[in-house]
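Quick one: this structure, given as structure tokens, is what I'll be asking you about.
Each chain carries a letter (A, B, C, D and E) given by its place in the written order, and its residues are counted from 1.
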């Protein structure tokens, strides 16, 4: 069979697709009623959803927002909708709103946690959105000191001097580097430790005596509610990031002893429930400290939560490291960069970028797990809900508080998980 | 390499959209039994989509595709029938990594054609010999080189004894040394008279075995001709431009 | 393209094992300043391993490698010294995807050579111009084509002002259209008298610029000769076989 | 020719500790070792000092003292005169019970939801998404407490079953849903084989062992049938239908054995304050079990979905191009591969579930944290010992689970070049 | 030395309950209020003259003793039962009894139960990890009847379960039962059974080994008791301290003698302590007495002169 040569003389333009395959009708046919099984599923699901909503919606919306006690609430509901109706008594949320959010933070200073929170978003922005100028990262690095100072208050010198410790470390590195590397490392480690332990306290006191700049100190047992969740969650995740990176590197090295310790630590932490670690924080940590050390429960919880999330972060970062092509290490080596330069300039920026979704999920997990601190007597939202119910005005209230707390957690976690999905998508396309 | 006048594939005024995007526009193509057709064209011109429509991996919205006398409709039976007559090789081989080479080749005959295992194994070994890797039969795909994997993929399709073979850029994911192995296998197949549609940019291959080259652009068949004429004397401007890029260096 | 009689690289009785596997066997090689050496051989013959040993990306277990007067030992300082004198280009470019082209090129000078940023940028732009992509300086590697990326990789190495350049199949991951761009850059480099060791199968390149071709097989240097003699009159059987395959299709 | 500078011979210099690759790793490791050991020493010394100051040296003998408290749910015999150690064992078994059942339910629900999320039915997919998002994004402790509250508030109390016109009644006169838990009929045997003690720790029912033995035999028979079907398929290409045979082989012997043992059901009955007889699933158990399972199922659903998506595209196209039908594709091509992707994260979910079961504390389920780290700790005042012991036990459970699954993973790993 | 530490710190740290109606709970402004809390304030007032120089640490049943032992808190007033092992083995010092309690049972009236001995087979809600758990076990063993314990973490949850009928009986300290019952919609539908199955002397406790500090807390406690006995109230305290004839009152309020100095405090320490929240009787009435929703009768906690057990040693 001979074939006929063919040349198209006129190119065809785009045509719109046939109507059956687009538009609402086409959509419904494809997505809801494609075949009998599919249609049946649609109908059943609709029924179940309708049933659920018909119970839930009246409770949520035919409800009381203004009342001083549960009894008053019940009375208002009975008067307005009759005794059959059971509506929510959101008045408790209204009355205790500030407490649920800030705990017992002095009312006059609420701007401080608020500002801290806003600044946190600013500090996070350059980490989370890679499009922003890199220079903003400087603020992100400084933020932990600023945030801690804003929340806990005290003289402005404390965070400044703590920061200066890193300057001292750099100085030690420089000075020691002139002589030799051993001295450089030793000085870079020892000098800042000496600075923090010996110099910082007296110097800080001296400076505050000279120039008493500062904020009214607020003790952390005044922290409560969602603020405690956010503070514990954020501190633990920020602190655990460097620790987690070190552990991940430790787990990856060829150095047997370092690797064994890293693995042992990671596996131990990941093998026990967080609640046992919190118990350690609340009942045992003092045994492990020199007599007389006494830091407050929230700080102890933050330490434990940090160790906890560090183990998880380490695994996430290890995933990021593993995802990097070997060529990146080799290219860095062949250019003459040393191990730490390569890590800092080449490997970590990429590995962390890959790991961000994982880090965000770790954070979500940790943030949710902060509710466990209610078990050791910290008044996080759940702990507070118990305390509120111990008030005779609200004794017996139940669903409303949990619904509210659950809702807020959902808002936080959901938006974060959406963000991490967005990142994952971005990374996926970025790799192609 | 005889071309009969029986029609193997017949595409009439076929149109396809992805959402609002009109990927394939008024495709008309008749392939006769024994023909070896090479399809080329710039990236995104719809080559893959077209041959995927032929074995119903993609639905088309308008027009009629008849494969070996069976009209492709939404009827599952027709689709099954067509698929068991048409073999397909993908750019990324898509071997089943959890099965050995032999299992890859016998899976479909056993479960679709209901061939007894022994017979299926014999057939598989036959085709594996044909593609020159009988000794790899008990390895897993991950243990083979790209070229070997692609040859397994071809053998796997052949085990279903298809009447028509579709190839979608079978060599473009391969290292240069391995391209030759695969092209050799395909040439051999062509010599045995298999009806073949092949999306490829290996112009050497096109010149050696194709009896028709189709050039696509913007979802349309822009030019078709026998290879010599196509390469030496392209008619349309687009074809010329494309060929100058491809053969450039 | 003058070859001096200063020794740039000296490899003496070098042996290397991966576990039990003897990859490099008794390698002896002296490279003079200004020489352009092409290394070829079948896959797995140890070409990459050899040139990776030269800048200590791999450790060798026996023998002595002297690069530009520095003996490669376990002393990190020597390794650092050698690496800053030797540039290397990889098959997959290995650009740093999170840095712009310019940052890729200035990173090592700034952190390793401690060059002031401004000067580093000037040097970088100089070499980027040399490889003909100064206008891409602020893009990210992902935005460039393969050929452009490989040229950036070359520029990046050059920014360290190395005395010796190593290339490991710099064109084999590239589309045919882009190979030429990269080869041109390399030829230009050769013309300027750079000492070069290049693993490649681009025989055209070898004939054009190499003043020595080395053929490796099974971890050994099997044959070396100047290009004309090597291609026209290979001595060993293996070389002949290999050349017939390479130049075959 | 350049002069080749030899490496400086002789004298070991201190800087080699850092600059020489041979010594460098040694240096780092020894420094780490010293650092970690001194940290451990420091902590240990502090503990020793603090405990000495308190006059409370580490002492595990309290474990053998009578516990003096009661536990409601016990899988082995226990009363308040038994030791703390036995109470801990009861707690451990309760932990394992809820963990195992939780993993099972979570897997079932998770797989179903994960597959439904990929359903072509928009509404179903959406509803499943809502389920997944709701459960994933709210703390599990809240879910546990809520589940408990719902059980308590929504179900009738035993009192409601009383009287001539009760407000609630039993399902089929056999199952009672009350707000204290669910009462199910229990299997009883008139010709019971009795029990044998197991190392003196607890008793095992011989009836159960006999049943398990018969079941195992049935499974073997089913395997044999399957193999025969395969042989026939290999020979003729057609696979005979075998499901009714398999069912018979499993069910018949079991029924015969049950008849021999004089099997009958003991129904729960309302007696005094509570139902008596039957199997009693306590509220705390159900709440914990449901909440943990549903919470974990949301994560498993995502894993399953991810696994299927990861495999599906090219592979299912290849299978389709070969003419395999979708269900066959699923069984022969997608699932075997998806499982490999799914199982590692699945295990970490199992581990999470097991660890989260320690939140039993929120609903008063007497698991390990409720006994050893709860009441025993409070009554004996031995915080250090109790908490450490609890951590070690959890660690052991985790290591065993991940060890077993790692072995499995090793075995199914894809062969790569 | 705890007192010096407290003075140096400028505030007292007092361990208290995370929330127990009437005894300790934060109000909407986060200020802790309650019967136990009043003791903390009194001690703070005795030391500093200011009942607000105090910080509260909510403690759980699990960490209350360690927190004290580790020095995180200076004293614990958290409805804690004084028992032998706690005093001796756990190295704590109880300094007095601010509430004589006993474990009781509450049941719905409609069950028709009149004695705890009729509770065979009942489901009992019980607050976990406390002495109540031991008592319950002992009581049922002693009477050879069975029960189903439902351990519960907080009073609020116990109340919820009990009201929903998830347990037939709620057992805890009688004070707690009364307080819980008072908050019901229909308190009359529930009765507290006559059996009190245990002695639960609740009181403040301090670390073992600092007797000076223990003395201070003990005598603040005693001062509150003595004040009631002597008729010193927050209303008349100023007047009395200015012009009292009674030498014991004078010694108590520091207008005579140097008791304060002996404790290392100012002379008006007891006056400040009493002024903080009133004397024992006033505190009782304010937070848990019959005038409050909790509505507890004085009972055992009446002054010895009224036939109760509260008895302050003499101030001399």
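Miscellaneous remarks
Basically, a contact is a pair of C-beta atoms (placed from the backbone, for glycine too) under 8 Å apart; a residue touches a chain by one contact, two chains touch by 3 or more.
What you see is a predicted model, and the numbers here were worked out from it, not measured in a lab.
Looking at chain A and chain D, the chains in contact with each of them are B, C, E.
Following the contact convention of this document, A, D is the list of chains adjacent to both chain C and chain E.
The chain with its Cα centre farthest from the Cα centre of chain B is E. For the pairs A-C and D-E, the larger set of C-beta contacts lies at D-E. Distance from each chain's C-alpha mean to the overall C-alpha mean is smallest for A. When chain centres are defined as mean Cα coordinates, C lies farthest from chain D. For the pair chain B and chain C, the CA-based superposition corresponds to a rotation of 170 degrees in steps of 5. Chain A and chain E have Cα centroids lying 40 Å from one another. For this pair, chain A with chain B, the centres built from the Cα atoms lie 51 Å apart.
Note: centroid distance chain C to chain D, computed from Cα atoms, is 55 Å. Per-chain Cα centroids separate chain B from chain E by 87 Å.
The set of chain D residues that touch two or more partner chains comprises 18-19, 149, 361-362, 383.
Chain B has no residue in contact with two or more other chains.
Residue positions of chain E touching 2 or more other chains, listed in rising order: 62, 66, 69, 153, 160. Considering their complex, residues 71, 95-96, 99, 103-104, 107, 219, 221-222, 224, 279, 282-284, 286-287, 292, 294, 296-297, 375-379, 383, 386-392, 395-396, 398 of chain A touch chain E.
Looking at the complex, you find that chain C touches chain A at residues 52, 55-57, 76, 80, 83-84, 86-88, 90, 92, 94-98, 107-108, 111-112, 142, 156-157, 160. Interface residues of chain C, counted against chain D in their complex, comprise 5-7, 10, 66, 68-71, 73-79. Looking at the complex, you find that chain E touches chain D at residues 61-62, 65-66, 69, 85-86, 89-91, 110-111, 119-123, 128-130, 133-134, 136-138, 140-141, 147-153, 160-161, 164-168.
Residues 14-15, 17-19, 25, 28-30, 32-33, 36, 43, 46-47, 49-51, 53, 119-124, 127, 133-134, 136-142, 145-146, 149, 351, 355-356, 358-359, 361-362, 369, 373, 383-384, 387, 390-391, 394-395, 398-399 of chain D touch chain A in their complex.
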